[in-house]
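Each structure below is given as structure tokens.
Two complexes are shown next, each including chain A; its partner changes from chain B in the first to chain C in the second.
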Partner chain A sequence: MEANKIIPDPSQVREELIQKYPAKVAKKRAKSIIVNDPETIPEVQANVRTVPGIITQRGCSYAGCKGVVLGPTRDIVNIVHGPIGCSFYAWLTRRNQTKPETLMDANYIPYCFSTDMQEENIVFGGEKKLKIAIQEAYDLFHPKSIAIFSTCPVGLIGDDVHAAAREMKEKFGDCNVFGFSCEGYRGVSQSAGHHIANNGVFKHMVGRNNEVKEGQFKLNLLGEYNIGGDAFEIERIFERVGITLVASFSGNSTVGAIENAHTADLNVILCHRSINYMGDMMETKYGIPWMKVNFVGAESTAKSLRKIGEYFGDEGLKARIEAVIAEEMPKVKAAVAEILPRTKGKTAMLFVGGSRAHHYQDLFSELGMTTVAAGYEFAHRDDYEGRNVLPSIKVDADSKNIEELKIVADPELYNPRKTEAELAELKEKGLEINGYEGMMKQMTKKSLVVDDLSHYESEKLIEIYKPDIFCAGIKEKYVVQKMGIPLKQLHSYDYGGPYTGFEGAVNFYKDIDRMVNNPVWKLIKAPWEKNGKSAGLAASYVTQ
Partner chain B sequence: MKHEHAKAATQNACKLCNPLGACLAFRGIENCVPFLHGSQGCATYIRRYLISHYKEPIDIASSNFNEETAVFGGSHNLKIGLKNVSDQYKPEVIGVATTCLSETIGDDVPGILREYKKEFKNGSPMPLIIHASTPSYQGSHIDGFHAAVHATVKALAVKGPKQTLINLFPNMVSPADLRHLKEIFTDFAAPVMVLPDYSQTMDGGPWGEYHRIPPGGTPASAIASAASASASIEFGSTIEASKSAAEYLDVMFGIPAYRMPLPIGIKGSDKFFSLLETLTGTKRAEKYEDERRRLVDAYADGHKYVFEKKVIIYGEEDLVIAMTAFLREIGMVPVLCASGGKSGMLKKRIAELVPDMDELGINVRDGVDFVDIEEESKILQPDFLIGNSKGFTMSKKNNIPLLRLGFPIHDRFGGQRMHHLGYRGTLELFDRIVNTVIEQRQNASSIGYTYM
Partner chain C sequence: MLLRHTSKEVKVREGLTINPAKTCQPIGAMYAALGIHGCLPHSHGSQGCCSYHRSTLTRHYKEPVMAATSSFTEGASVFGGQANLLAAIDTIFAVYDPDIIAVHSTCLSETIGDDLQQITKKASDDGKIPEGKYVIYASTPSFVGSHVTGYANMVAGMANQFAESTGEKKSQYNMIAGWMEPSDMREIKRLAKVMGINIVLFPDTSDVLDAPQTGKHVFYPKGGTTVAELKSSGDSLASLALGSISAEPAAIALEKKCKVPFETLDIPIGLSATDRFIMAISKVAGVAVPDEITAERGRLVDVMADMEQYLHGKRVALFGDPDQLLPLTEFLLDLSMKPVHIVSGTPGQRFEKQMRALLEERSPETNFKSGLHADMFLLHQWMKNEPVDLLIGNTYGKYMARDEDIPFIRFGFPILDRIGHSYFPNIGYSGSLRMLEKILNVLMDRQDRDALEEKFELVM
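And now, the complex of A and B:
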């Protein structure tokens, strides 16, 4: 058992991180490196473009659109319009899982379609090849939907993927074809691609099937991508308590479910960053409120279920939720009791995603571990500070380039699921509807919040805090481990998971225990290397 | 080869993109930071992909194009990016590779680099900057690899007094192979300049202290002396003369170029060792004679398991060619030799090594994807597949075992530590092939057996 660590003074750490930067850069980075205070919540600079030459962990618009949001829906054929790399790199690389109901049901996730643009397509245009590719995909599978994703050169050579999609859609008659202008250079990070994907899915898919399915408590699960089977665990719990899942955006989802999503009575949002647009648009057009939930962490899962129960306001549902929590918790408690003595007092750092750096803090706190520093890779200010800062977020050139759909209430289908009075009542009960408080409110005073952590800063933080575990992705994994600190991948889960719900929590406790208490870390330094001093780190960037 | 199933789209590609190969090659230069001129997503995706195979960190910088850059040109971003990488990493070399984006807008990278050098003339540090043109809409990752090697030699090699030095251009082989090759040269007491040499940067140990750039790689100064070497050896069968570093040194500096297929198998390895004996005037060390004897012994012991087994081999063309010769050497029939690459030389080069290929029913197809390979496999009914991890889907679907080889291997551990070259590498490869057959038979047997 380890005694509680002494946490360094965060203001000093902040100074140390900034001091080696030239004045101009220091000024810029100072706005993204913040000492937290959950009471006042200081402003964090986020979603600003990375300076060229600074190695960022961020991806591109295409990655957010195709890889994250559209990728997990199993029966859309995704065609990547561009040279071969983009399609290859997004081919089964995220661990979004899917479970077709029967062996006969369509699942195109294992496929990687690309127009494989060659020089002549760049010179003479690629639309013709794109249309042939769409035809081939149609002939091969007769899918319900075909989506087209533009990569960098497409926008520049002037290929109109939307026109090609319209033409082919009309030609087929029974296949919904639509395109995305998600060229890699658009926006600051993959976050731009999430927004583009939300727009396209809303415009081209949601609302196509008005059939109201059976079920008393119907909701959509937004921003859950079924990495490592996370959605399966949530589905299991929903089934147990009697909640009907209409559609998931987009883990383990189908075209049919998404087209029918507007018949649900509630949207619950997990990853606020990647899908909040969808929640807002469905609210405006169909009158479906959304609620932020978190199924990462056993306590958070229980809390989220209770919130859903409260929303529907049904005593039977509430009772079932309590019964299920009571049944599921003992195995969670037993796991904590066994593991916590080995993890208590240890420290973690989380620099990942647009919501995971927030959600996973719950699991660490269940293990008695402190999150000393956290930050997102591609989030915006509202994910840090809460949605009440939305009106004050400055719209810059990068966000202006992403289309904001003008949504109005649907003349026929708009049906507010809750009256103003009911919403006010729910709010009184502590249910935040259409709101998100952000990560910082939950983090302790004097923890460190850093947006778009640079390479230099991560080395420095490791050197100063010596955390027991660092959470990020595969790009950071092996460099952090070279310094003797285990790195837990929170994108791919290191091939583990699920980590959601009750069973997922137990999986996570065990995995973290294995990592932080593994004897291998004691072998990193050879006996003759023990006095090794750390080389000075440099940091002197030029801004644009 | 015209094929009736020819299609416009590529489904389940059997190739990666051009800049990926360049980044890997630049990683084999000491104190070098690979730099992609284009969107940040390319650097991120390529890092992600290389890391998943090598299980090592790899930093790739980028000029982070935005919409404005895409329209008005990338000059400003490239310069800021280079300056930042120089200040932050203090590299000796920056390897700039282009992407489809900067190539499509037609950025004049050499021009921008000249301007940059002028503008920061007195700025320190000023690393050596190498530029390789690697548009993703041409060729595949292996072309980017060779383009980076070629560009590096072109940029750094300078004429000097003749040295007893051999240049080795080993192709895209594993870090373990690179270490083995260097050991062979050491045993011949022959100084060697290996380019690229990522044996340490892409397969190194833990760090006692923080490194901005991982230790290892061939120093720029050593690459400079490539132009005064006594000979160049280049592994590869399909590298066009205009893209070959060895050829360049031959034409420009009169360094004799010895170009040969990857030395896999006894014949291939014999050729390599004989060449070294000729070039160094030294007989191979006893230990290599031993290694050869052990390999022959293993062939004798294991041939019964693999003889006449049908296999589909896929991957980079040069790898497929060398592997085909080796598979024939152990009596296997590579019923399909396939590659996503398309040099136009695949069939010809295989025919040179396996003259009776047609009688044996060996099919060769270039420019294919996994859907093409799968279609062929339904007719050819191979006993197993040999190639990278991306063949797993078809392997599982059709219940054909897959022996993992080449790049990328991201669903097995240790891809970077596998040997393929020389007697030693061949032996390791042979053991794995034999065991694949035995494992399959063991698993398929209803009564089961536990010894062979």
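And now, the complex of A and C:
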């Protein structure tokens, strides 16, 4: 086992990271590279434009809207209005698994739909072709819903996808058609697309079916996209403790479930960044409180279940939760006991997403590993510093372009699930309702926080810290591994998972153990390259 | 069933493309640019384009794919992307220090009318391009053609913007690579060496996208065609363009700019296309074909003869890109197999004509469609109506293969779930032998799997 590493002085590291940049770029980047202090929580510049030319991890608004939020719902036909590429690249590449109840149930996830805009559509407009495409999709599949996603040129040439959607919806009568203006240039990252998706799903889907289904403890799971089957594991645990999942936003979800989501009594939020808008809007319109939870990490899962138990305040539920935790934990503990001696003292870096860089720190600490640096790809300040900074976040031109829905309480359906007094009581008990503390509070003092990490900075960080594992995405995967450091993809899980819940935690421990202790990392140098020798080897046998 | 909504009944579609057998231009331009030594591809558009292209290429190669973006926001989309590109050029030379930045456009920058020639000229006039460094460009609107078109446009851009004629011819030939794998490009170089001719191969992604593990990330790997080589292409005796869609435009550019005569060939996939390739080298360079090559050919024909019973009449569906499909179809016919359905999303009249001519002569009943709405959904419907024994295409084919329970060979772009394509060539006689081995393996594995116990064979 390796000895604990010496952690370099983070303020010096910060200087080194920005040294090579042109002055203006350096000045900008310096505000996004912060030495953490969990007591005072310094300000991190986040959700601002990436400097052109910088090799960034970030994608676009369309990716956040179609790829992340809408993609996982299996029975919507998602038509991408634009040239072919946008739909092609988002085709099955995000691993949001789904399990239709029967072989007859709709599942369009393996399909890719596009209007494949051609030059004449750009010049003369593409609305006509879009409407034909919607009609053809309807005739071929008769889906419950058709969603339209605008790509960059659509906004520029002025195609009105919303008008086309309305017209076709009226024409069909039995198919909900709606559009998203999620052109790739909106906002500064995927984050804008999340917001646009939340708005659309809230406007066009939530609240369409008021039927109150059976179940004593009903909640929605927000910001869980079932990558690698994460939602399946959470569903398994919910079922064991007797929690009814009304809708998931949006892993393993259906149109019907989302349309019925407002009948739940609690929203639990996993990925705060991508879905917090939905939590807020459902709170205002229907009176459903939301609570930040984390099912990544066994301890975090137990803690989150207890929070849910406390929220519903039912002794039977609480007892079942304790019983399930007691039953599930031994195999988790056994796995940790076996693996921890091989992982303890090692270091990790996490640069990914809008919540994963926070959540996965729990799993690493369960393995005795320290997160020396972390950051998000597309988060906002509240994901770093906590939601109490929300009032002080400056709304810049790029954010202003994203519609902020004006939500009011529904005259009929608004029903506060908890009274002010009950909420205050829950707060007393340490339950943060409608709140999130952010990542930095949980990170150690002097760890490094970097928002929108660039390729250049990542290479520097690896050079300086030599972490035992680096977590990011596919674009970074082989760059980092070429440096002899294993990279764990935390978007796609390297095609493994699930990593949530109790079973997921064990999967993760095993995968990390396998990666950091793999013999291959010691085989990189050829025998003749070791000891600095690369010249011809001297003959050691003696000729007679 | 994963593709449970795919019905047997084929209806003509005019608006909707389902499961495309193509993607967009910029990714091809990015791939081509990686075949220049010391080059950083740059995507002039929204961040998503660059991110998607890098991700797809990375998944295909399991290698670092470095590229930068102009990071358009709404402002840039309204006021034009010039400021973004100029800023990007500054940042890139300061931080990533490439020899060359190869800029390609996107549907966004094309729709707003950004002129890359004008902007790169301005960068040069403003002194933003350091001495001895280059910024080249290709216009690659995503709403025209396909990924293959983008590749062709960037390769033509290389010829146009680098080739020089000094007035003195060099004893060398240009080999313009159509869209092929690094392994294939390595094989082209080997074959040229065996044939005894000097070539300038461009682009050349070998030693770029198949880089060794050394414990160091080399930002600009050792491979790629050098600027000196690209410049010298104008002094070459002749060009051989491998692929009429993906390579010929560069050959035409060289002829126009530097009067280098050219011949267009198919990518040497399969026996007949490789024969033409070898003969073309022999003819153009006036060299005899060495015995080594004849022996390689002989080994391929030997296996074709020895194993013909497992191949004859086997029905094949294939999808992919024109420059690969044409010689592959011919190879299947040489193997006595039956191409039943052929689909390519890439449009092209020349391809249509060539493929139709080939099929008319040797397989008139084959279903063939290219261009708009020639997609995998249609192919799958055709397969439901007229079943096949084998499917050949990129990774997305695995969904159809699983649903229909038919053997499947991954070939083309992208291959996201297997390795091999970057290391072992599919071209030349030995590459074709590998392809043949793959075909035989999946067909014979299937025969073994499905054989009744009393019919299970030890020797085949």
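Keep this in mind: the second predicted complex is superposed on the first by the 524 of 544 C-alpha atoms of A that agree within 3 Å, B and C clash if a C-alpha of one lies under 4 Å from a C-alpha of the other, contacts with A are read in each partner's own complex, and residues count from 1 in each chain.
Keep this in mind: a contact is a pair of C-beta atoms (placed from the backbone, for glycine too) under 8 Å apart; a residue touches a chain by one contact, two chains touch by 3 or more.
Just so we're clear, the structure is a prediction, and the values are computed from it rather than from any experiment.
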{"item": "Superposed partners chain B and chain C on chain A - clash or fit", "value": "clash"}
{"item": "Partner chain(s) touched by A:His380 [first = chain B, second = chain C, both, neither]", "value": "neither"}
{"item": "Chain B versus chain C as contact partner of A:Arg49, first or second or both or neither", "value": "both"}
{"item": "First (chain B), second (chain C), both or neither touched by A:Gly484", "value": "both"}
{"item": "Touched partner set for A:Leu156, first chain B, second chain C, both or neither", "value": "both"}
{"item": "Chain B versus chain C as contact partner of A:Ala63, first or second or both or neither", "value": "both"}
{"item": "Which superposed partner A:Leu103 touches (first chain B, second chain C, both, neither)", "value": "second"}
{"item": "Chain B versus chain C as contact partner of A:Glu463, first or second or both or neither", "value": "first"}
{"item": "Contact residues of chain A, present in both the chain B and the chain C interface", "value": "49-63, 79, 82-91, 93, 110-119, 121-122, 129, 132-133, 136-137, 151-153, 155-157, 183-186, 189, 397-398, 401, 455-456, 459, 473-475, 477-479, 481-484, 524-525"}
{"item": "Of chain A, residues touching chain B in the complex", "value": "49-63, 79, 82-91, 93, 110-119, 121-122, 129, 132-133, 136-137, 151-153, 155-157, 183-186, 189-190, 397-398, 401, 455-456, 459, 463, 473-479, 481-484, 524-525, 529, 532-535, 537-544"}
{"item": "In the complex, chain C residues that touch chain A", "value": "1-5, 7, 11, 13-20, 22-27, 42, 45-49, 51-56, 58-59, 62-77, 84-85, 87-92, 94-96, 106-108, 111-112, 141-144, 146-147, 211, 213-218, 345, 372-373, 377, 396, 399, 416"}
{"item": "Touching residues (chain side chain A, partner chain C) in the complex", "value": "20-22, 25, 49-63, 79, 82-93, 103, 106-108, 110-119, 121-122, 129-137, 139-141, 151-153, 155-157, 183-189, 397-398, 401, 454-456, 459, 473-475, 477-484, 524-525"}
{"item": "Chain A contact footprint on chain B (complex, rising order)", "value": "7-13, 15-20, 35, 38-49, 51-52, 55-57, 59-70, 76-78, 80-85, 87-88, 90, 99-101, 103-105, 135-138, 140, 204, 206-212, 390, 393"}
